[in-house]
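Chains: A, B and C, in written order; residue numbering restarts at 1 for each.
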Amino acid sequence: MDKQKDIAKSIRRASIKKNWAMFKQSKLGMIGIYIVGFFLFLSLLQPFLFVTGIWNKGIYDPVVGYSEQFQDFLVVDCPKEYPTEKYKSRTDCPARNEINIRTLFYSDAQVGETIYQNLQPAPPSKKHILGTDPLGRDVFSQIMEGSQVAFILGLLSATLGVGISTLLGTIAAFYGGRVDAYLMRQSDLILMLPTLPLLFIISAFSELKVWHLAVVLGTIGGLGGSVITIKSQALQVKVKPFVDSARITGGSRMNILFSHVLPNVAPLALLFMVFSVTGAIASESVLSFLGLLNIDMSWGLMIYLAQVEGYIFSGMKFWWLILPAGLSVTFLAGGFYLVGRGLDEVFNPRLRKR
Amino acid sequence: MKNNLLEVRNLEKYFEVSSGIFSRNKSIVKAVDGISFDIPFGSSLGLVGQSGCGKTTTARALSLLDPKTSGTVNFYNEETSSMQSIDELEGEELRKFRRNIQMIFQDPYESLNPRWNIKDIILEPLNIHNIGNLKDREEAVYEILKTVGLTPPENYMPRYPHELSGGQRQRVSIARTLIMKPKFVVCDEPTSMLDVSIRISIMDLMLNLAKDLEVSYLYITHDLAVARYMCDRIAVMFNGKIVEIAETEELLSNPIHPYTKRLISSIPIPDPSYKRERYELDFSELDNIIANNSDELPMAEVKSGHYVATHDVKGIL
Amino acid sequence: MKNILEVKNLCMSYSTIEGEVEAVKDVSFSVKEGESFGIVGESGCGKTSVAMSLLQLQADNGKITNGQILFDGKNIVQLNESELRSIRWSGISMVFQGAMNSWNPVVKIGEQIREAIREHYPDKSKDENTKKILELFNIVGLDSSVIDRYPHELSGGMKQRAVIALALSCDPKLIIADEPTTALDVVIQDQILNEIRKVQEVLGLSLIYISHDIAVIAEMTDNMAVMYAGSIVERGPTKEIFSNPRHSYTKSLLESTPSIVGDKVKLKSLDGEPPSLINKEPGCSFAPRCPYKEESCNPLREMELIEINNEHYVDACNAGKL
């Protein structure tokens, strides 16, 4: 019997190798894996840096850290009308190394003097790779924190959603009749509802924390369109000869449902899971941007802060407040999507090139 | 003394087909239109016919997969030593009765669950019927793998179906089917998707097991040559009816019904010097005659054990 | 009688993730004008690959690595796509496996055949084409109304006849038929085989018939080749091979085919499975399963065909045996 276990292990290893080789063939899938892997690394990097003491929590904590950025500034008096010979438009004054005298409330400095001031948000420097935000917190640390949030939220809601839709889809396929009709109508209803406005409404009723959002997204996603697709897959499995064989042998319906049909529907469900992570990450960032989410730090919140403090229309002057967060959302969501495409080729033999 | 294991009388299976989404008219497709036959213990009956003749529908009805529309199907009940209709069985009794009937399917690639390993696939019937304890069950799987020629069994038990060839998968199906020692096995063209050189070994295996375990087969095929190799008796089906039924050699040497004659004369012979005489037949005429004779017509016994359907075929002879 | 097709040492392999699959190895045969040539073998023996490579229709990852294919004296292996297109259908045409299911379901049959004719004879008028199609239908036994029907309105047998008409539409000199009757009932198969034979006689075509069913090959072909694991193991006149089979595989094939005539004999089967063609080992690929192995058998020896009789070739290992 031990020999069996050895053979079983080697078979599993061989099949994992084969699936990996097939996955590697998909360029899209590989790009996706690299992207997702990069962000995973980021989300694990932060606690590592804190635990090992490389980063001082006081300075680098994404929520409560504060970093002083002192710098020499030339005091100027910004004119009322533009353009002048020194400045082309209003946004050019004060320039990077200048400070408008009207914003100095506590100092006796005069125009033309150089003063040593603390200014947030600070541009990227050796100490802070991506600079600091208006509250003096390290942006890079915030990105890493946001990465953790994105992963947790994405995977949690995806798992929940997929669990629900697989169960419902399989039940609909298996029992047919009224059960099927009801589940399909329910699915149509959910499909028809626009998700974001629904989330706005929910946020008005109760305070949305990350967990709440994950549950809501998971449930809505799970009850929606994927039920229909899983049901059609389950229907195909239901008519296969091995299911007939189990019926003839005398298996009960429950037994056949869980031990025969479900495992064969699972690969498709896994695929859905990967795709729904994309939606979850995007939804979270939208909600945070609108300030509807009760969360300490996330990418959407970073952009929210930038907007609230008025930095969004500053163009490239304060790019580190907006670009890293925005690009992270895009890339991670896109990365998961690409992984899903790669997985699709592994699971769906018809899409394979060879 | 050869009892009958199975007695079928006027088995009918009709399907309702609606002619449109909004139409209330439902036309009836008579897939199986009143067939009768017996299968004695330990003997095998071949059911031969072209696609659409109703042989697969018959198989599914007899293996209790799809319910029949009407007719009587009696199985021999060992506890009461008498024939018992399957209509009387339900619930737990029906489940226990299912031990006696099994089915082997045509497609070796679709008849095994791709996510289960071989051991679990063969274990399943024992688990469903709660036979013995875990150790006994694993022993039984081990033994039956040896019997069907998949040795050494340890190499096969942890494997998954996609790692085996078509012939090996059919052996697994046979092992799973026969581990419960059923009395009646329906075989739906189990070798038609296998390579020619492997077919014989599978068929020989089935013949040997039938002898050892006293199993009766209902062997469904479109290939008369295979039916000849596997079966004691052959029934020829056309459009849902049995047109002729006889012992194998008798049927092949002395066919009476025009359809049987046409069928036999269409089969290519693996001998370039053999001159095959084609027996011509107007099929639309035959169709009409059979459709018009949908009452229960008794079959005429032209010779001992050789029955022919008695619709009026003189017009096309 | 001159040769319409000569295949010399054809080799083709596919590159897959798991390795090189040598699907066709050193295959040589020739087909004369008006002759019917059969290729018989089981799944994976390479017969379909041979057929596809004759028209260079193999999958993207397949490549002809060696050999010549001489059609009417001209080597077609090195031709480019547009030159090949002029040969396809008007020189060599093909009836594929499962072809009856590859009709476009939303286009009428007649229109689909017209499409093929227009490709090769763009100057012909619609009436000329219609007349030609009706002639073809007459030959294959189809009613003239089929020209305006959709595929789903026809039965399997009718669709297959239409496929044959399609293959004949551009007056080819050679037709390759790859298992044209596999999914059909035996009665309809008989009718279709009859039609094919009639067509061959009437039009003087050459035919390559590929099948795993040795009985059909016996009835339909003048000469034949037996393939195993990518190579031809025996080749010669059909009558000769059936009355005097020499290769162990040929003998095993004949001994494992049940028949409805003659005495009921106990048939013999072969142990094992056909070998995997991925990264194949050199040497005789049949040796592991050979039931007639002698002590002189050297499994590492490569196969070569030797003529033992008039046009009857067999692997050297079986040539010396009686």
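The rule is short, and it goes like this: contacts are C-beta pairs under 8 Å (C-beta built on N, C-alpha and C of every residue); 3 or more make two chains touch, one makes a residue touch a chain.
Everything numeric here is computed off the predicted structure, so don't read it as measured data.
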Per the touch definition, the chains contacting both chain A and chain B are C
Where the centre means the average of the CA atoms, what chain is farthest from chain B? A
Higher number of C-beta pairs in contact (A-C or B-C) found for B-C
With chain centres taken as the means of their Cα atoms, state the distance from chain A to chain C in Å. 56
Using mean CA coordinates as chain centres, what's the chain B-chain C distance in Å? 33
Which of the residues in chain A end up touching chain C in this complex? 18, 21-22, 25, 353-354
In the complex, chain B touches chain A at residues 63-65, 95-96, 98-99, 101-103, 105-107, 110-117, 119, 124-125, 128-129, 154-155, 157-160, 163, 173, 176, 180
Which positions of chain C touch chain B when the two form their complex? 42-43, 185-187, 189-190, 193-194, 212-216, 218-219, 238-239, 242-243, 252-254, 256-261, 264, 267-271, 273-274
Could you please specify the touching residues of chain B with respect to chain C in the complex? 50-51, 165, 167-168, 195-201, 204, 222-226, 228-229, 249, 252, 262-264, 266-274, 276, 278
Partner chain A, residues of chain C touching it in the complex: 14-17, 59-61
